[in-house]
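We just call them A, B, C, D, E and F in the order they show up, numbering each chain from 1.
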């Protein structure tokens, strides 16, 4: 791979000193993250509405199943599992089939009435949800987990302090399970770095930003690895598109063909 | 249709993998949405004041009746049914006639005194309204429903968390009814993507933005399909006008004449 | 009238399908509104401080009396009736004379002590005021009503939800009386479309914006018909001036002489 | 006086139809206000810190005494009477002498402990102060009153609604006394029209803005008559300076020498 | 001194009519303030973090002792007296020595536990502190007092109204003591005129702004006399630097050598 | 070293009058700070997410151990000690080894359940934490302490006043221990100087800003010494990079080779 002359990170090398990576299989993303998302950790996927957060989450699991035989768990908040199945029918990922094979499991995290009460009473936390995720992971042997989108519950919390605590607890809980996870959350304005509660990006170990910039005649999609604790990654915004095959990012300064793990198109 | 060379979505194709569409019949809109709005779902129509939200909603039902023999239900919030009848008299849609024929039904969703009390007490939800809509849909066999404008009630809610929950419930309820729906809501500033409560666009399955830009000598109207979960659509803002025949959008990069479903003028 | 080539509204035509208009008689305004303000409805006049809201309101009634023999009712909030009489003495409108003839009636809507109490207790509404307006309208046979300025009371309300409800009730009440009304309210910043409570412009059937732009050597006044439900109107900001004869707007692309209803200077 | 060709107000004429004016005697200001401030009314003087509000207020009274033999009352809020005496010693206005002659009277409106308590309890109003001003006016036969600066008390009020009410009451009370008054209040940002509470400029009958713009090497002072209900005035910002003789404004498009009332330097 | 041609204040003259000045001895500052800070009054020193507020405060006292044999009192809030001693060791001011000679006295104004309680209970005021300052001034015969920084306590107050009252009381109390004082407070943004609570600059008799502008390769420090009630001063921002000799301002349009009181470098 | 011609600080000199410095050993930083961070004090490291705050903190301790045989204590808030160990494995700092040798000690400052309760009850303070830090410092003989990141707890505090107090107490407590400390905290927007609570930078004795500017093709990292009470430092933003050897800053106007303490690469 040709790296820009003044790139402090130098050429890609699967350094033993870097935090271990899990190749996502999403075209272009592993090159941007120098090998993949941090293995055994949770990565935050921040994006404005329609920026591709859900497609990213699903594709993350789909690649795990299709390319690495790694079962996955999808935790659905506002969109129900059935919504996800329908919305993803336009891509080449046979989710219902995978569900039958036991390699894809949905956890329906829509609020139940008793949870609603706890929220109103102010003593709500995500403990119950963590238990259900644990169970789903253990019963499927899942290696990958996607949560889409925690923001649906965060909006109900009283302040950013509670969001910060619950997000930290959730990512810690996922780490204990040993899975590699993506969590989606919301970015209010694609022209600024600000997440909805202005704390999410500080808590997470790794952060990917999806943006959908207004532009003269059409929107322009970009993907950026903003943070990756413990490892190298490319910086800055890189164009991507969503087609019938899912997300495809084109890292600037990379030759896609030279990157085996992302070369599946 | 000629598509821009770097359009990731490629040429229009009524792909079996795409979320099914309902051709709205609104000139230009179906081309932008690659066939129509998502069938059996709710699309959010966001716009500033006077941007054409109500005209869009009415025309959506009118096209259903006139072109597809699909009865419709119009749920009126701040404007009463009588207001709508009068304001739409300037267009070629014989609403009162259709009401008599039983293919157009109004649901008057202005707040009743007891609802007002619940709002003040803080335990208000839109359950009662959902029941009334269900009844209207079932008794008319409606295929299309328009709600204009939920924002009137949302303004009375204590916070964005409640708006998010109630909007999610409403769209889920409409989906259960099997109808294709449009819900209008408000966009505070035409120069930004921000909806009134900054959550609406995240909840909905599909989002259309109507803008009324200040411009040197006159306003400039644009329509944008911001989101369409589970399917392709054109991106970016496209000019439209409101004439005596209603809304007419001119998709950039399209030749109107080649798009049968929108070629009714 | 010469209309700009790409004007979607086309040439003026007193279409039977348009919402009926009441020619205001204010020079230039009827041309902008394609015939006048919506008859039997309430139009919101939004403007910054000193933008001419009160002059517009008074002139609206004055033209009714002088040109159409339509009696009028002026509901005065912060400025007392006596203030209005004095401030309008510089124009050619013999208000005190008209009062004697019974064709002009003031309703003094300054808060009374008991109303003040209700406001503090939080159970205030504008019911009492509506009754007094009704009485004034019926006893004079008024066809036109002006309320200047509701914002004085709105500022005392606890939140935008209450403003929205009370404004909707007030405009509905006026419609029931069968009068054509103008209601003034406040626009915080002349460079943005934002009204004081960010809900007013959504509630009203028609909205006129008065602006007083800072400019190099002097202020520059503009008038814009932002919204007119159910009918055509010119869009964009048009210059106007206030002289000893009141407001005079100069619609761009119009030849004043060809517009009979506005050709009284 | 030469007036700009497209000035809608035309040449100065002491029109009988205009609201009566009181020539202030402040150089340049009467030309901007076409004869002076509205007689028998309260004019709001809005300005940022150090913009000259206090100098304007004092000069307004001083000119009344020196040129028109009109006694004046100065109501001092944050600055004490003694502060005013000292700070104005640099100008040619013998305040202590005038006090002895009984043509200048101070009202010390600094909060007394019991008023402080009422403020905390929330039932504070400016009734007591109005009584003291009335007494001072009657015992001196004052024709001019200055209040500098009401903002000191407004800052203690719970919300803009209370500010609006109390400001309206105060200006109404002054009008009843038959005096011509100036009230100073605060403008947070010299680059915008926004007053501290965003309601002051709507309540007052006349508004003068004093600005102290940051500029390359030094500040640039401007004075603008923003509003003058019931009469003509020049619009836009006009330069002024503060020298040992007080405020001196230079109206653009005016020849100072041709304006007798302002030609005293 | 050469003054710019269109400077309304004209050449410096120790006018008897101007508010009396105390030459600070800080190089350049007395020229900007036309002789010094107002004698017997409190001047507010507003600045962003690291703008030089503390250096200014200390230098103000140091010049008094070294050049005018005027003892000084330094009231330390967040930084303790020991912090000040250490941080100022890099300058040529022998503070500990002066303390021994009884010409420099520290008042440690860090909050004591019982004050903390009053703050929480909401009935806190600065009365106790005023008493301690009075005692320190009387026992040293101090002519100069510095308070650095009141903002530390202001941040704990519930609202801007309380800040305004307490700041007014503090400056009044200092005036009664007959000392010349500087009070530092905080300016949130160096690109705007806005102080932390947006009231401080209105209350004070004199205001000096210290700014630390971000600039291409380095910060750029400027000093501006924003306000000086009762007297002349130069306006606009003037460059200054902090070196081992303290603050040194370079007034534009001045020849430093011709200003004896500032010519000590 | 060559210093820019108009640098007020002049050439570097290890002046006896300057606040004593502790050479950090972080390449480039000591040159920017004219010798190192203030010895025996706490320096605030402010940065946006992913700006390098944690790398800076760890490197600060690592350099102490490796180059100066100074043991260090790392207080971990949101990231656990184990997280830090893993994330720093990519650098040449054998933390686990150092832990065994007793020269590196972690304090796990994640909130314990009882602390959580105190936070909710509102009587939380950092007393307990200070005791634990004290113990760790005394048992290791640590000379350097890093706290990363206090912001995690600050977000839970009710207002900026409490943040200010607790930050002041913490830095005072560290000073008493005689250690040199770095405390990280958050900078919401890399384009402005504003810290999360807008008080942090005022409280600290020294402030370093880390920024991660969005730029055309990639992020651009800069480091700035914003404040250093009691001493000289270079001003303005200086580029830096993070490589496998940690942070490396390149002071503008410096020749790295001439600065012994920073010349270790």
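The rule we apply is simple: contacts are C-beta pairs under 8 Å (C-beta built on N, C-alpha and C of every residue); 3 or more make two chains touch, one makes a residue touch a chain.
Bear in mind the structure is a predicted one, so any value in this text is a computation, not a measurement.
Following the contact convention of this document, F is the list of chains adjacent to both chain A and chain E.
Of all residue numbers used at the contact between chain E and chain F, under half are used by both chains, marking a mostly different-residue interface. Copies chain C and chain F of the same sequence differ in orientation by 180 degrees, per CA superposition (steps of 5).
Across the assembly, the mean Cα position most removed from that of chain E is the one of B. Rounded to whole angstrom units, the spacing between the C-alpha centres of chain A and chain C is 53. If you average the Cα atoms of chain A and of chain D, the two centres end up 61 Å apart. Computed from the mean C-alpha positions, the centre of chain A lies at a distance of 31 Å from the centre of chain F.
Annotation for chain A: no residues touch two or more other chains. Under the stated contact rule, the graph of chain-to-chain touches is a ring, a single cycle where every chain has exactly two partners.
Only residues 48-50, 54, 78-80, 83, 86-91, 111, 149, 151-152, 155-157, 186, 188-190, 196, 214-219, 241-244, 248 of chain A touch chain B when the two sit together in their complex.
On the side of chain D, the complex with chain C involves touching residues 4, 8-10, 15, 17-19, 160-161, 164-165, 168, 172, 192-194, 198-199, 201-203, 205, 207, 226-232, 234-237, 252.
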